[in-house]
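Right after this note come the structures.
Each of the two complexes below includes chain A, the first together with chain B, the second together with chain C.
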Partner chain A sequence: MSEYGYIPEAPEQSFGNNKGIFNPKDIYDLTRADKYTNYGQLELIETQNITGVSSTTFSNLGDYNVHFLTVNDFQPIQNGTDLRIRFISNGTEYTGSFYQRALQYGTNGGTFAEEKSTTGTYLRATFNTGNATNEKTSSYTYFYNLLDNTKYNFTSHQISNIGAGSHPEFYMAFGSGVQTSAVSMDTIKLYNAYNNYEADISLYGIRYS
Partner chain B sequence: MSLVQIATETVTSAVSYVDLIGTTTDDIYMIAFNNVQPATDATQLVCRVLVNGNPDTSAEYDRAGRQFRTHTSVGTFAGQNETFTYLGGAQSGTNTSETNQGNVYLYNFNNSNEFSFATFETITTDYAQRSYGLKAGFIQTELQACNGLRIYFSSGNIASGTFTLYRQVSS
Partner chain C sequence: MATNLQFIKSASGTSVSSLSVTDCFSSEYDVYNVNLIMDGSTTNKDIRLQYIYSGGTDTTANYVTAALFQGSYTGFIELRYSGQSSHLVTGYNYDGGTGINYTIFNPNDSSSYTFLNSQSSGAYNSSGVKLVGTKAIGVHQVTQANTGINIVPSTSTLENIKVSVYGVK
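== the complex of A and B ==
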């Protein structure tokens, strides 16, 4: 018997159009070839290894309803500052007070507090990070409805980082945000408001989410 | 496909720990676990990083997080210079469904020039059938390459559970 139970020739396989009987190896091979129907899977859009800039953009958002962004080894030049998010649509950056956010943060020393705004001009991709050796941030952020011009743009995130304090000062933070213009955004902007930064940032889409 | 399974283990008879080995690139890794239950009542799910397959027992683990509890208000979760770190938000038990489930994102485990970071979310039903959600992070503050994570209970064995390590492809 040939591939997928067919004799003598297997049909062409593609996402959303699989035919035949699949054993575990078939599924593994087709999945790796991105030819197996598997809703909800992460698909890498782009990775940027950033250094020496204060701002970068991800302008290929595909056609996903939900995006997933990872930030690794973020470090700003300006001590104790963060990586911020704004959205761009058709070349227009939304810089006004369209952004609301709420997050909870805490330290390894037992200090816990919240940070919030109903009139913000940005969302957060990281918390405040130090600029000394090994003071870095790792985080992930989900984006919802970026391409939908009938809905607000929502985010949720979780962050692990080292701040500017002594010991090292380890922080965790988690929270959510929303951009309250019902506009289809085509670009995610990630910037530091004070100076350049470095980071490894990957953007993924969640297929058929 | 951007999430590749690296290792998986299903515990059906008691073991003292599960080692998930394979964080051997600079990608971000994710561990998912569910139905993890101790063989001994009232014990907490914990972990240590693995260096060349051996658990690092030095007092270099820092953690911070928030516990969300169904029976009382939000709690704090913090510690520094510990010899291991917690994954469970409470002590789970041996009765039905007194288990742990969660996911852990691992950053810089393969990078010997940076500390090892993690963010994680877990849900635990404790030995008194109370629910604890935990959103937290930890770091291990030694500059070393870690090739995985050892997951175990603070006392006694793991009676059951499924653990899987994935690599999140970034290029």
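== the complex of A and C ==
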């Protein structure tokens, strides 16, 4: 009971603006409602330590507008190949020419070039990786609008790798991609088109984006 | 799980000529991660960024930017700007929507320039959808304590835009 006999209404709770004393159930309920101030908005969804397969999927995308994917120590069995991205919706893999990409790559040997396509059947998560000892790729990719069936799926990425060649060659690459079907995707597929691969891959959601 | 990306605030608009996120930079963080998502507008073209400080939005000629325009349908274009009133071409949007990620360094440090690194993926919807990506680096060449950002298109309005700002601990 407050002053003058009024019973105050409970204050509105929101991230960064919580008021009151909370018991564990309050914290649980507010956290589930995204209304409890709990720092750490890069939220790990899943990590997969991949070995001996040519394809894997991330089928828990949560409810995020922006996702962040890290690929660490990717190495293919087939020399000079990459890790590719496709999207799946309700069990249907989008395998047609729905994908466009544009990336700039450069090597320590002085080669800089464009790689682009308006009729691609995949997006890139890595680039031209070798299969000898220590020839590996690390990269990160941002995904936008994967769950929104009114918008295109956008990606942007940066890649650093030791590529295939007559000698170990360092590559950097950065670029972007789009999947132009306005469909809500529920799964990210990461595959090598030629053989098995190994990598440590983590998918995060960025809360409040 | 307490990770090192800490939400500060977000702002959104449905059809606005610009969008400001005020009071999002402070001495608490040196590095900020900013995510932007927006729908297409037929005349937006390049998406620009300005800083807000105690005097309002800084539109003086303090912005230097180098960008690479990456289209899936055409040769890439190198762009260089100095003495501008905003960071030009931090993203590109023409009727297809876009997503942009910014990393901003030292914005609230009054003894340092503010540095920017941005990467975007967007669509150019003219005679069919085409991918347009951008990669930009920039410096705001003045030592002042910036407290926020202002997103502005080269023309027209920003449609269904949301900007979220995070501190990097």
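By our rule, the second predicted complex is superposed on the first by the 170 of 209 C-alpha atoms of A that agree within 3 Å, B and C clash if a C-alpha of one lies under 4 Å from a C-alpha of the other, contacts with A are read in each partner's own complex, and residues count from 1 in each chain.
As a working rule, contacts are C-beta pairs under 8 Å (C-beta built on N, C-alpha and C of every residue); 3 or more make two chains touch, one makes a residue touch a chain.
Values in this document were obtained by computation on a predicted structure and should not be read as measured data.
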item: Chain B versus chain C as contact partner of A:G110, first or second or both or neither; value: first
item: Partner chain(s) touched by A:N79 [first = chain B, second = chain C, both, neither]; value: neither
item: Touched partner set for A:Y39, first chain B, second chain C, both or neither; value: second
item: Chain B versus chain C as contact partner of A:S89, first or second or both or neither; value: neither
item: Which superposed partner A:N18 touches (first chain B, second chain C, both, neither); value: neither
item: Partner chain in contact with A:F174 - chain B first, chain C second, else both or neither; value: both
item: Partner chain(s) touched by A:Q158 [first = chain B, second = chain C, both, neither]; value: both
item: Chain B versus chain C as contact partner of A:T31, first or second or both or neither; value: first
item: Chain B and chain C contact sites that coincide on chain A, given as residue numbers; value: 38, 41-44, 104, 158, 174
item: In the complex with chain A, residue positions of chain B that touch it; value: 1-3, 28, 62-66, 76-80, 105, 107-108, 114-115, 117-119, 121, 135-139, 141, 143, 168-171
item: Chain B partner contacts - residues on chain A that touch it in the complex; value: 31-32, 34, 38, 41-44, 47, 70, 72-73, 104, 106-110, 112, 134, 136, 138-140, 158-162, 167-168, 170-172, 174, 200, 202, 204
item: Residues of chain C defined as touching chain A within the complex; value: 1-7, 9-10, 35, 37, 39, 68, 70-73, 75-76, 96-99, 101, 119-123, 129-135, 162, 164, 166
item: Contact set on chain A toward chain C in their complex; value: 15-16, 38-44, 65-66, 100-104, 114, 116-118, 142, 144-145, 151-152, 154-156, 158, 174-178, 180, 206-209
